[in-house]
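There are two complexes below, and they share chain A, which is joined by chain B in the first and by chain C in the second.
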Partner chain A sequence: MSRLIEIALGIVTGIGGFLEAGSLATAAQAGSEFRYDLIWAVIVGAVCLAFLVEMSGRLSAISKHTIPDALRERFGIRFFAVALIIMELVMFMVMATELGGVAIALEFASGVSYRWWALPVGFVAWILLWKGTFGLIEKGVSVLGLITLAFVVGAIHLHPPLAEVARGAVPRLPAHDHARYWFLAVSILGASISPYLFAFYSAGAVEDKWDVSHLTINRITAGFGMGFGGIVAIGALILAAIVLHPLDVQVDSFAQLPLLLTSAFGRVGFALFVCSLAIACFGAAQEIALTAAYMLAQGLGWRWSENLPPAEDARFSLAYTILIPLAAVPAAAGVDILKLTNISMVLSAASLPVIVAPLLILMNDRRYVRDYGNGWFSNTVVALITALAFVLAVVSFPLLIKGGG
Partner chain B sequence: MLATSPGTSIPSADVRRRARPVLLVTALALAACGGPTPEKAAQARDRAASTATSAGLVASAWDSGAAPGIYASDALAGMAKALEKDSAAPVWSALPGPARDPILRELGILRATTAALDSAVRRRDRPTLDALRGSLGDHGRALTAVEIDTVP
Partner chain C sequence: MLLVHDVLDKQLTDRHGVRMGKADGLVMLQEGDGPPRVVSIEVGSLTLARRLGRRLGRWATALARRWGGKHTESYRIPWTLVRGITLEIAVDVDAEATRVNVVEDWLRVHVVEHLPGGRP
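So, the complex of A and B:
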């Protein structure tokens, strides 16, 4: 029975934790500009993430290593230092985006500019990390994140043309604006396959003391959690395709996004949107802050655990204590959060090879995964993901300029 | 310290090889950047029309009770600011006068109408809001109707 509860909580965490500022904004941009044509990118992203999350959990359950820990041990401090710098930079930008997302939700509710909300939001995120436990952060915020299912209900409520939606699941060449199309595809993949997600998951497996007996739970949680999470992003894309595309409205501001749910549910939809944006971004900001501190602590051999009092893992706690207020600065300075979101998502995609390629090697190294290494299918999928990640890294920067708007 | 070939200031083959991908990406980025072009002007025109349509949608949402006044006013003020920024964008310099002038005129009207919508929402003045929404739609269509020759 307890295993069933664990699986249910894992799936809920996957669904509630999938949508954040990046996946919401990129899905809405895709739907408003290309109708259902980019649904395939959300699906590919969710499938890739499910595989990577499953591998991260398996690696940690068998080897008792987190990803950063294993990276440093297996590839040496030089490689780890490069990976650490790249990952920390990307996580910093994504965290800035998420804190900005919460601040914007509060601006919609209060009329007070998001610039004034950024630092208080950062403070609340910090105090929750300082006082809370891993379970509270992982499960609590994710359960609240189920409110994002409003996008799926809203999409069903507006009766999308199912045949066209199904056709969108198959990759195709765009009829117009090629650069913009591929830029959005890269952004969606970057938003879905966020490296922080599987680094966080791997740390969680160690925090929760997973072992071989958790492998089935790991597989089900990764598959269903990420799969259903992807459906939430598809819901947002479909809503944008129905509400905004017919009017030739392109999403170039978060202020347009409440219209997705007000069209489906009226005033209730507005409240649902504000709560969804605030909770989803707050949860993501907390997970990223923790992952950024985990990466430092695990890689550099510091004592770490969100379940320990800060006095017992002082350097780990100090890491997120410094990172969170710094990440609140861009929003407090009035940076355009949607532009920051797009840049962060592309950089996130570009950083994937740094973590995906070594993970593939680790998942075939018997010293770490013993007899639980990748089979040919997993290896093929991860190899494809790695190739995709390399291509994304090469194309994303020119596309950022040409297609970024 | 940059590694150079012995006796010269030319970077060594190793450094050149390592720098190649960076140079390639930089060149692609610079090529993509370029200056103002009619194609970019057409994109900017469509973006501005999209902002104006969004302003109409936000005003309608407030009018129907689907969106609170705080949000509607805040969003409309932001959209008026975005249209003002669009009017001053350097991208219009790529267009000849007969295309540029009507675009700038329509952009000015759309900005003023959006700001007036904000003010109507603040005053809860629904009749004015209705009239302004109609005007916003007309001028939005007039903006997209301005032809821009994107063929070089």
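So, the complex of A and C:
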């Protein structure tokens, strides 16, 4: 019975944890500007994510070492130092985005500007990490995150043209605005294949004391969870294509996004949107804050666990204590959250090789994965993802300049 | 055994299996004409800083001398206490009895316990 609950929770984690400010905003932009044409990018993102998450979980279940551990141990301090700096920078940007997303949701709900909400939101995020345990945060975020299924229900409710949706699942060249099209494709991939997620997931496997017996649930969580999670993002994209595209609205602020759900559900839709945005972004902010602290602690050999009281792992706890208020500053200072979102997602895509390329080596290192290493199929897939990651890293900045506006 | 590949940067665990940092550095000794041999493993951020670059090392050393109190140098674990090397290096010491956690302890006493809910 407890196995069934674990599997259910795994799936819930995938669905509830998938959507955050980045995937929501980029999906809405894609739908409003290119209708269904970019659905393939969400699918590619979700499939890559599923494979990489499964590998992260397997690596940690077998070796009891996390990805940051392995980056330091296997590739040495120099490589780790570079990876650490890049990852911390990206995580800081994404966390600032997510805290901004929660603040905007609260602005929609209260009428009080998001700038005033940023620091209080950061404080609540901190106190939950300070007092809470890993299980509480992981499960709380996931279960509440199920509210984002409203995007799927809404999309079905508005009867999208299924043939066109299906055609969008196949990559093709755009009819107009090439730079913008590829910029959004890269943003979507960056939003789905977030490098911090692998470090978080692998730390979670160690926090939850996974071993060989968890490999099945790991596979189910990765496959179904990320699959369903991708469907939520596709739901948001379809809604944007139906609701925003005919109005000729180019999404240039979060204020346009509640329309996605009000068209389907009326007034209730507004509340659903506000809750979805707040919960999804808050959950992501917590995961990132933890991951930023995990990365430092694991790589430098500090004591760490979200399940210990802060006094037992002072450096780890102080790491997120310092980081969270800093990440709340951009929103408090009135930075445009949508612009911040787009930049963070591109940076996120650009930083992918730092995690993905080492994973290819680690998943074939018998000292880490023993007899549970990658087969030829997984190796081919992760090699392809690595190639994709390098392409994304190279094209992201030129595209940000040409297509970001 | 390859020192850089199998020892350097690996996770250290004490005799109770508790994580006690990474192998941040190695101390080698050359006596007479014989080949150099490893005498101890170093644990500490100063060692780490020195490995990352000469300037960073000097800067960290100066900083530690100024603010670090009496335990600035990295902690050395004698090689004779190494019990096994797998993915982790098991050493026969009690982490609690060493000073690998001085920074951790200092932060707990001076910062964490002053924050709300920081006292367990």
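As a convention for this text, the second predicted complex is superposed on the first by the 405 of 405 C-alpha atoms of A that agree within 3 Å, B and C clash if a C-alpha of one lies under 4 Å from a C-alpha of the other, contacts with A are read in each partner's own complex, and residues count from 1 in each chain.
Criterion: contacts are C-beta pairs under 8 Å (C-beta built on N, C-alpha and C of every residue); 3 or more make two chains touch, one makes a residue touch a chain.
For clarity, every value in this text was computed on a predicted model and none was experimentally measured.
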Pick one for A:398: touches chain B only (first), chain C only (second), both, or neither.
first
Does the superposition put A:367 against chain B (first), chain C (second), both, or neither?
second
Pick one for A:107: touches chain B only (first), chain C only (second), both, or neither.
first
Would you sort A:216 into first (chain B), second (chain C), both or neither based on which partner it touches?
neither
Touching A:267 in the superposition: chain B (first), chain C (second), both, neither?
first
By the touch definition at the top of the document, which applies to A:253: first (chain B), second (chain C), both, or neither?
first
First (chain B), second (chain C), both or neither touched by A:380:
neither
Within the complex, which stretch of chain C touches chain A?
4, 8-12, 19-22, 24, 43, 45, 48, 51-52, 86-87, 101, 103-105, 107-108, 111-113, 115, 117-120
Within the complex, chain C is touched by chain A residues 63, 65, 69, 72-73, 76-78, 80-81, 127, 130-131, 300-303, 309-315, 317-318, 321, 367-368
Considering the complex alone, what residue numbers of chain B touch chain A?
25, 28-29, 31-33, 43, 46-47, 49-51, 53-54, 57-58, 61, 64-68, 70-71, 73-75, 78-79, 82, 144
Taking the complex as given, what residues does chain A use to touch chain B?
107-111, 179, 247-250, 252-253, 255-256, 258-259, 262-263, 266-267, 269-270, 394, 397-398, 401-402, 405
